[in-house]
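Going by the order they are written in, the chains are A, B, C and D; count residues from 1 in each one.
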Amino acid sequence: MLDKIGIAKRIAQELRDGWYVNLGIGIPTLVANYVPEGIKVIFQSENGILGMGPFPYEGEEDADYINAGKQTVTILPGGSIFDSVTSFAMIRGQHIQLTVLGAMEVADNGDIANWKIPGKMVKGMGGAMDLVASADNIVVAMMHTNKRGDSKLLKKCTLPLTGVACVSRVVTNLAVMDICPDGFKLLERAPGVSVDEIKAATEGRLMVEGEIPEIRI
Amino acid sequence: MLDKIGIAKRIAQELRDGWYVNLGIGIPTLVANYVPEGIKVIFQSENGILGMGPFPYEGEEDADYINAGKQTVTILPGGSIFDSVTSFAMIRGQHIQLTVLGAMEVADNGDIANWKIPGKMVKGMGGAMDLVASADNIVVAMMHTNKRGDSKLLKKCTLPLTGVACVSRVVTNLAVMDICPDGFKLLERAPGVSVDEIKAATEGRLMVEGEIPEIRI
Amino acid sequence: MNKLVANATAAITGIEDNMTLMLGGFGLCGIPENCITALVEAGVTGLTCISNNAGVDDFGLGLLLQKKQIRKMVSSYVGENDEFERQMLTGELEVDLIPQGSLAARCYAGGAGIPAFYTPAGYGTEVAAGKEVREFNGKPHILEEALAADFAIVKAWKGDRFGNLIYNGPARNFNPAMAMAGKITIAEVEEIVEPGELDPNFIHTPGVFVQRIFQGSNYEKRIEQRTVRQRES
Amino acid sequence: MNKLVANATAAITGIEDNMTLMLGGFGLCGIPENCITALVEAGVTGLTCISNNAGVDDFGLGLLLQKKQIRKMVSSYVGENDEFERQMLTGELEVDLIPQGSLAARCYAGGAGIPAFYTPAGYGTEVAAGKEVREFNGKPHILEEALAADFAIVKAWKGDRFGNLIYNGPARNFNPAMAMAGKITIAEVEEIVEPGELDPNFIHTPGVFVQRIFQGSNYEKRIEQRTVRQRES
C-alpha cells in the first residue's frame, strides 16, 4: 500500500523532460519534490506563474509571490509571470502537458467529482473545472476508498461533477489504472496489495489483463 | 468650401480634453496637426500604440516603430505599446472616445462604405470594420461629391458596406451633418457655400432647420 | 489628462448601493486594500462583488462581508471565511460560483467588447445549467457571456497619472482583465511615477482602461500561507 | 528543456506542402525575415498563410508569392503588392479578407482554447455572409471561429532557450497571438539571452507557447513609409 508520498513518487514517474505541468493542491503538490534525475519540467500555477520554484528562504517571503494554493513561492530563472486570462488561455489551449489533481470520486468513464459535497459548505471549483475540461493528460491522485472503506472509483459519480470523461489515469494508495472505453484498466498494484484487494475496493468496472506488476518507486 | 486641411481643422474642434482618438489614413491623419490649445488627446494606432507622437527626426527612424499607415512614428511620454489583440479589445470595448475615418459613401441612416469597389483590386478592410462596428462616436471626413460631381451622401450606399448605421457625424468640403433618424441633419455650412448648394450635392435625405451657421475654423 | 485623485475616498466617489463592482486579487494577493477600507467607511450596501475570492474574516472582502455590505458574490473560490459561510447558509448572501478561467475570460470579454464566447469549462456540470451547448471540433462547449461592472477596482505596483499600470509578480492575477471591464476603473498603486518613467514597451495595463488612480498607503499585504524553507547551512 | 535550434533552416523542419502557417508582423514591421527566406529556399508550396498583410513585391511574404508558394492568403489588408494583385486577378491565389481585429482575436482564440466568439465587427457586411448573427444587449453580433495553424512563425526582439520572448515597440503586433496559436511555434529573435536575463515580470510571450527558437541574422527591417520631421534649428 502506498502512502501519500508514495502516490506522489509514482506520479512523478509520469513526468517527461520539457513538460509543462500543473499540480493541484494536496498530494499533487508533493509531486514537485520527486522529479526524476535528468528531467526538467516547468510547473505552472494557475494564478499566473510558469517556472514556479521552491518556497522562499525564511525572511524572503514576498506577499506578491504566491501560488494557487496561496503559499509563498519563488520563481526560477527562465520563469514568467502573467495574468489570470493568459494563465487559463494556456490551460484551455492545451499548452500544459500534464495536470495532476485530487478527487473525491472518479467514474470508470473518466468523470471526476472533486469540488462539492451537497449539504456541506461549498467553497467553489476554483480552476479545477477549466483544468479538467481542457487538459489532454489528467492524472488523478487519490485514496482508493473513503474512511468508511467505500470505493471512490465508481460506475458513476454520486457527487456533482467537476468534469466529464476527462481523466486519463488514476494513481491511488492501491493501484495505477488507466481510463479505457471498458472502464478502469489495472496497470500496476501497490507493493503488497493483491489484485483481489483492488477488485474489492473498486466499485466501477475494472479490467485486469495478464500479470499485474508491482509499482516501483 | 473647405479643402482637406479645412476639413481636418473642423474635425479637430470635436476633440475634448482627455479623449483617446483613432485617426484613419488620409484626411483624418491631418487632424492631429490641429488639436486645439489647452486640450490633450491621446492618439491610438491600431497596430498597437497609445500616445502616438510626431514623426521621428531624420536619422532617428526605427523600423519597429510604425503606425497603422506604416509610417515611422514616435511614442510620447506616458504612451504604451501593446499587441493587436489588446488594441482591438480597446476598440471593440469602446474605450476610444472618437474615431475619425474617410469614406467613399455614407448613407443617411449612417451606413458607411469605404473598403471595396467591385471590379477593382480589393486591398482589404484592415481595421475599418472593427472600428465602425464598435465605436460610439464616428466622424467621417470626406468630399461631398466624387470627381464627376455625384453625391457621396446617399439614401443607400451602392458600394459594399463597411458598417451599418454607425456614423455619428460627417464633415465634408461643403458641410457638417449629423446622422439622425430622419437622415442627414445639416449643422454647419462651409464658408461661401449656400444651403441650396448642399441640398443639390446631397442625394440622401437632408434636414435643414432654421438658420445654418458657417463653419468657423 | 490627469486621472490622479487624492486618495481612496475620492477614488470611490459615485459608488452607490446595489452597484456591481469588480475587485482584483487572488486570495489576499494583489487586492485593493485602500479602496476596500474606504468602501467600509462609506457604508454602501447591496453590492454585487465580482472577485475571484472573498477574503478572510478580518481582511480583504471579509471586511465588507462583516458589515453586510455585500448582497452577492461572483467568485471561483470562497473558502477561508466563517462569516461568509454563515451568511451563505442563512441565505443573506447570494453566491454565484464560476470556474476560475471562465471568470477571468468573462471579465476580459466584458472589457474587450466580446459579448459571449464558447468554452469547454463546466460542460456536463451544474455550471452548464441553462447555458447553450454547442460542439466544435467534436467537443461540447458551453456559451458564457461577458461580465460587466459599474466600477472595477484594481491594485497595481506602479502607475502614472495617465493611468498606465504595472503589477508586481503574481499580484497581477485578475487585475488587468478587470481594469478593462469597469465602466469606471479605479487603480490604487503603491507608487505614482511620472509619465514616461514606465517603459512604454512593458506596461501591463495601458492607461486607456483606467479612469482614476491614486497612491495607496499602509499596505498590509497579508500572507495567507507563509511557507518557507530552511537555508542549508 | 532546450528549444534552441541552429538557424531558420533547422527551425522550419517539418513544414510541408499545403500546410497552414501563421506569420507575425504588421506590414513589414515585426516579420520573421529569416524564416521567410528559409521557406523560399525550401520551396514548399500550396501554403495557406495567415498574416495581417502580404508583404511587398520583393520583401516579406512577397518573396513567397513571387515563387508561387502560397495558395491562399488570410489577411486584413493586402495592398502594396503587384504580384499579389496579378495572382489574385488570375485566380492563382485565393484570398480570405478578415477584419483586422477579428483576425487578431481569432488567432488568439485558437491559442486560448476558445473555439468561437461573437463580435460586432462585420455585421451587415459581406464578411457576415454565412455566419450566425445573434443579438446581445440589443446589438447584432456575428459568430467568428478560432483560427488554427500547423506552424506559427513569429519574430521577437529577445528570447531565451525556454522560449520566453519580448518584442520591441509596435513590432509586437500580431506576434504574441500567433505564438499562442501554432501547433508548433517557431520564434526568431534578434538576440538570444540566458534564462533569467529577461525579467519574469515583463515577458510578452511566456515560453510555454514556443517550441523552437533561434537567433536570426542580417535583419533588413525595411521601412515602408519613411516619414520624418525636420529639426527646428
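Just so we're on the same page, a residue touches a chain if its C-beta (ideal position, glycine included) is under 8 Å from a C-beta of that chain, and two chains touch if they have at least 3 such contacts.
Quantities reported herein were computed from a predicted structural model and do not represent experimental measurements.
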item: Assembly fragments, chain B aside and the remaining chains unmoved; value: one piece
item: Centre distance in Å when chain A and chain C are each reduced to the mean of their C-alpha atoms; value: 28
item: Whole-Å gap separating chain A and chain D, where each centre is the average of the chain's CA atoms; value: 36
item: For chain C paired with chain D, centre-to-centre distance based on mean C-alpha positions, whole Å; value: 33
item: Multi-partner residues of chain D (each touching 2 or more other chains); value: 105, 108, 112-114, 119-120, 167-169, 200-201
item: Residues within chain B bordering two or more other chains; value: 75, 81-82, 88, 91-92, 134
item: Touch-based graph of the chains, sorted into line, ring, star, complete or other; value: other
item: Chains grouped in pairs wherever the two touch, ordered by label; value: A-C, A-D, B-C, B-D, C-D
item: Residues of chain D that touch chain B when the two form their complex; value: 26-30, 52, 75-79, 85, 88-89, 95, 97, 99-105, 107-108, 119-127, 157, 167-177, 204, 221-231
item: Touching residues (chain side chain B, partner chain D) in the complex; value: 45-49, 54-73, 75, 81-85, 87-88, 91-92, 111, 121-130, 133-134, 160-165
item: Interfacial residue positions of chain D with respect to chain C in the complex; value: 105, 109, 112-120, 134, 136-137, 139, 141, 145, 166-169, 200-202
item: In the complex, chain C residues that touch chain B; value: 1, 108, 110-114, 160-162, 164, 180, 194-196, 198, 200-201, 203, 206-209
item: Of chain A, residues touching chain D in the complex; value: 17-18, 20, 40, 42, 44, 50-51, 75, 77-82, 86, 88-96, 134
